[in-house]
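The following pair of complexes shares a single chain, subunit A, combined with subunit B in the former and subunit C in the latter.
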Partner chain A sequence: MEEVKCYMPETLEEALEIKSRVNAIVLAGGSDLMVSNKRTIGLTPVFDRPVMIVRNLPELKKIYINDKGECCIGSGCTSAEIAASKLCPWHLRQAANRMGAIGLRNSATIGGNIANASPKGDTPGPLYLLDARVKLQSIHGTREVPVADFIVKFKTIDLHEDEMITEVIVPYSEKDFDYVFWHKVGTRKANAISKITVSMALKFNADDTVKDFRLSATATGSKTNRSRDVENIIIGKKISTELIEEVVQAYDKVISPRAMPEFRREATRRMIRRFFGECARHAEGKVIETYDGYRMPGAIEL
Partner chain B sequence: MISEDMTRDISRAMRRLDAVDKSEGRSKYVSDYDFEDCLWARMVRSGISRGKIKNIKLPELPEGYYWVSYKDIPEGGHNYLHMIATDWKCFADDHVLYVGETIGLIVGPDKTKVEDLRDQIEIEYEEQESANTIDEGIACKGGAFINDNNIHCHLKLETGENVDHVFKRCDKVVEETIETGYQEHVYLETNGACCIPENGTYTIYASAQCPFYIRKSIAPVLNIDPEKIVVRQTVTGGAFGGKEHFPDVLCGPLLLAAYKTGKGVKMFFDREEDIENSVKRHPSKVVFRTGLDKDGNILAMDSKVYYNVGAYLASSYVVLQRGCFHVTGCYEFPNMRTEGFGVATNNFPSCAFRGFGAPQTLFAIETHMCHLAEMYGIDPLEYKSRYFIKQGDNTSTNGKVVEKVMIPEMLEQVLTASDYRRKAGEYAYGSGKGIGIAFYNHGGAFTGNGEQAIIKAKCRMHKYPDGTVEILNSQTEMGQGFHTIIPKIAAHVLGIPVDKIIYKDPDTSRVPDSGPTAASRSTMIVGRLVEKAALQVKERWNEEEFEVETHYEHPDGYPWDQSTFQGYAYLGYGWGVCVVEVEVDPCTGEVTTKGIWSSHDGGHLIDELIVHGQVNGGVLQGIGWASTEVMQNVKGHFKQTSMSDYIVPTSMDYPKQECFFVENPYEWGPFGAKGLGELVFNGSGAAYIDALSRAIGKRISSIPCPTEQVMLYMLEGKDIEEAL
Partner chain C sequence: METKISFTLNGKKVSLSTDPLRRLLDVLREDFGCTGVKEGCSEGECGACSVMFNGRMVTPCLIPAGAADKQEIMTIEGVRETELGARIVQAFADGGAVQCGYCIPGMVIAAYNLLQDNPDPTDDEIRLGISGNICRCTGYDLIVESIKLAARRGK
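Our next item is the complex of A and B:
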């Protein structure tokens, strides 16, 4: 077996320079790559390309609010760091805080979670919902792409050979909405992969019509699903039973779960109905739960 | 130094003797041993469920690398492993019967090279149609491969009148099928073993429950005297039955590899390999036909018990027997007929798992009783309590219950603590809230006179001149706490500090065979032998150095006929009551467990803390089996192969449990103790499903029942009160 060539740059500049020469696999936390390439116990994982470890690049570890008020998160920030940062939007913090187990959250990064492009990934749901973009850098320049476009389909991303994901920019947060909803149906209450996760947010106009409504769902198709067309059904209108059903039915056509389709479809329908129902009656508090008295394990307070 | 205050009741907790070594990482597990010049082995297995091996294409093997297969078995040697039956092949020959069947070992000095060579092996098969489910096995899909009906084993039990005659006088006879699925043991330490040859003898180091089983099982491969094989148990990180017979499947091939190469050979499974290629709990299907009078009273019950045994029988006949003996649960019914069928399928053979066949039938009877009650509009608790078995009542094998049954006392404890009566009345069916209850037992030790007739357990105790005492028997510590309670028992009898007592992990060349560490027998049987030995040592304490040996003796007056399965199957049962309360998310079907209350009768407890560990773990393992632990088998392949898709519960999934016990000393156990390790698994699943089915108002007759299944029941399940 050939040995794996491994690069460990110390600056982003150096990393991009290496990337311009070598089509290296970028490894940050390693929580996906080390698992998918592992061999049996005691043996080193095998990679078919050189590996570049970027976990300690200081340029990728920042979280800040830019001059447009958008939350900027370095691609090397771990789930634990995101969950703990009050600068990060609530939906994203929730998702980060319920990803895997503590050990994983301390190593897995947001850049890696996006690049892995798994339909069950935890962070894409909130990122789609909040119109997040990824910043892609190479020695030739920088471009920004919406996360929803960057993830092309199952395990496929729009990344050029010489590029790296360096930042995730999230323009919206819970402050822009009157009601928010995030619910992950995990395989169990901790250390769980998503069976389905639904993120929602809604803002009213002064006249009780809907100013903004957003909805995304993970693990319901080959990638995270969001549809502005479906959301537009109710935007500008007052919530009514008929409109709710219209949204529910329209969204049902957007998602395409393969495994456990009845469950995933029905749970999605029920969560949408519940959310609108609570918004319509102007429930107290901003966070809507799936039922009264429910306490989500590991929930992040607003 | 660990001190134990001998004036206190033995039940009071002491610190476990292995606690510090294990928590500081000093315990040496089998993969921690470093033997000089030892080769690595990797297993090559069948990738298909049934078929003929047409060709095995091996890569060119560099010097020092070997391929080991059945062809290497020396003349006079046998290609089988002697478990209880002798049908499990050490290596497949020209046919394979299940995915994962051992075909050969690739052996060599460099681990990576061994792995690379293994990746290059190509096996060509002529695939045949396989039978993988109980129904396919019975239907002989692909043609029978065991007898002419794919039935590995069968038994029949009857009590009272012929049920067919009774059915004729019944108001109605209802039929219901209850099914349970596979369960994986998920011991923390995966399987591993090592075999070191030396002058015609072989030393096995293994993570295992039963060192003497390994010796007996693998000796036929080389056709040598079992004494020529020494088995040393290494610190074992969990087993749950998964290391009762299964280590033989590693050790047999390793023995042959050591014989062929003349060198030590070791093999460790990684987690996915272990889950994909190891034994599991038997999936089951129990079909009840129950005859009732017009008020819903049970007049007769006919039950057919089917277990998915897999390709080889191994220990499954005994598992099936225990299953059939426990099908009446904690009840006495007037007329019973029970038939058990061990169904052959082209799946990985099923084997021992905490409960050993009893949990499946106990789940079935508890669930069936709930459904009968609900159909008549009676609270399940009220209905079940009409049939509680008592001391002196008839058992499923026409024996009597010897001991006092304290179910009424235990019931009161859990009803009060859980507020069951109020909640059962308040939570309407389908309201999203539910509370459920289950009753269960577990016959301690080997069935009938098996301890006397088959095992013949022996225990020795050696007093040294310096006043230390060594306990010698073959019982293993695997996390359950046995190597703490045995020195504790001896210390209490002898009145000496626990640290004056030596009790090592067994080595078959040093200790007598006191039987397997299985069947909830260790405390009640071997613990008693240790207690007796300690009494003898105490009497002769002034002698400088000596050894005593104690033998198991079966109490007179409790006959058992193993050929007809008639008589006293068990002298001491553990008994249990469990209440579970749940809440169901109406949007998603997710279940939140709000409370778990249990009471167990394990006789007089030897160590409360260890017993709490057993209860907490066993009860949750039982709920896991009933809820999230989905293990599907598709054409012989287990589908869930990692910790992220085989969903064992975490401590976040359940609230703190409340456990209760009753004081009911067992006449023939040490300090009045009896078996408990399996009991605690046997009923929580049924209590959970009872609670869940009330919460959603739907009848659940099959487990596991994960979130997505709860949703399907909510959408299209049968109403709980619907007639069967």
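Our next item is the complex of A and C:
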């Protein structure tokens, strides 16, 4: 098996320069690539193109709030770093904190999770919910694209050959909402690929009408699902049983789960009903739990 | 394509010339004799190969050796020489945490990773701390008890 060239840049500038010449596979944490290209015990994985290792680039490791108040996360930040950072939005921290297990969370990066474009990936749910964008950089310049457009479809992204994801920018956080909800259904608490994950957020107006409502679900189709049309059904109105059912039925048409569709649909319907029910009765606290008193050990507090 | 890779291994500077895409797991075992780094699932699920990478637990089956360049790696061979590591190893022996032993280096690393930040963990925190490490023999209870013992002895 022929060995490919492997680049080990030490700065982002160097990495982008390499990218401008060579269509190298960007390897960050390696937790997708080393598995998808693995052979067997004791053998080196095989890649069909040159590889560029960016795991330790310091420029991709920053988390800060920009002058517009948006949370900016370097693409090389790991799930553990995001889960631990109070600057990061709550929904995203929850998702990061339930990816894989501890060792995985110290390797898996947010850039890799987005670029992998798996409908079961954990970070896109919150990122769609909060209108996040990715910053794409090449030696020729920078562009920003909403994550929901960047992920074109199953395993397909809008990335040019000379570009890298350098930052993820999240304009909203739990501070913009009165109630938040995040729940991942997995077969175990650790190392569970999502069976379905639902993220929601709601804000009331002073007159009790809904000012904003957002809902996204992963593992319910070929990419993460969110629909502003469905959300608009209830925005501007007071929550009622009829409107909740309208949202539930409309969202049911948005998702298209293939495996275990009835389970995934019913779980989604129940989570939406529970969330609205708790919002309507103005439950205490901002975090709506999945069912009474259910708290995942180690869940991120607000 | 051989490239020079240098890193700190168990406190000592080391370097080698190799294909940077070789798994760090293989480099640690084959080039540096760290055979306490066990290969289990080869895809990050079982935790048997866990090592400390810049002070944080990772699974080197998922990491190319090139990613270790200029970084700090500590395997079970180094962890057991530290005060905390030695305390965990002794508590595992005294507490009957070990049956076949294959998962144990990784379990000790997980316990070390937990106790370095949280010297007095609850049962839930211990179970979360070892949630990425699979043991096929013990049913985990004696491992959890032994980690508690290690924590108690550190007070």
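Assume the second predicted complex is superposed on the first by the 302 of 302 C-alpha atoms of A that agree within 3 Å, B and C clash if a C-alpha of one lies under 4 Å from a C-alpha of the other, contacts with A are read in each partner's own complex, and residues count from 1 in each chain.
Here is the rule we use: contacts are C-beta pairs under 8 Å (C-beta built on N, C-alpha and C of every residue); 3 or more make two chains touch, one makes a residue touch a chain.
Owing to the predicted nature of the structure, the values given are computational and were not obtained by experimental measurement.
**Q** Which partner chains sit in contact with A:T40 here, subunit B, subunit C, both or neither? Use first/second/both/neither.
**A** In the superposition, A:T40 touches subunit B and subunit C alike.
**Q** Quick check on the superposed pair: does A:E3 touch subunit B, subunit C, both, or neither? Answer first, second, both or neither.
**A** After superposing on A, A:E3 lies in contact with subunit C but is clear of subunit B.
**Q** Check whether A:E161 is in contact with subunit B, with subunit C, with both or with neither, and answer first, second, both or neither.
**A** Neither subunit B nor subunit C is touched by A:E161.
**Q** Of the partners subunit B and subunit C, which touch A:G103 in the superposed model: first, second, both, neither?
**A** A:G103 sits against subunit C, while subunit B stays out of touch.
**Q** On the A-aligned overlay, A:N191 touches which partner chain: subunit B = first, subunit C = second, or both, or neither?
**A** In the superposed model, A:N191 contacts both subunit B and subunit C.
**Q** Return first, second, both or neither, reflecting whether A:P297 touches subunit B, subunit C, both chains, or no partner chain.
**A** Both: A:P297 reaches subunit B and subunit C.
**Q** Once the complexes are superposed, what residues of subunit A are shared between the subunit B interface and the subunit C interface?
**A** Touching subunit B in the first complex and subunit C in the second, residues 40-42, 44, 189-191, 297-298 of subunit A appear in both lists.
**Q** For subunit A, which residues are in contact with subunit B within the complex?
**A** Listed in rising order, the residues of subunit A that touch subunit B are 1, 39-44, 183, 185, 187-193, 195-196, 260, 262-264, 266-267, 270-271, 274, 290-291, 294, 297-298.
**Q** What part of subunit B is in contact with subunit A in the complex they form?
**A** Where subunit B meets subunit A, its residues are 31, 42, 111-112, 115-116, 268, 270, 273, 432, 585-590, 592, 628, 644-645, 647, 649-653, 706-708, 711-712, 715.
**Q** Please give the residue numbers of subunit C that touch subunit A in the complex, ascending.
**A** 1, 3, 19-23, 26, 39, 42-45, 47, 50, 53, 56-59, 61-64, 66-67, 69-71, 110, 113, 124-125, 127-129, 131-133
**Q** What residues of subunit A sit close enough to touch subunit C in their complex?
**A** 3-6, 8, 27, 29-31, 34-35, 38, 40-42, 44-45, 47, 51, 53, 55-56, 80, 100-104, 106-107, 189-191, 297-298
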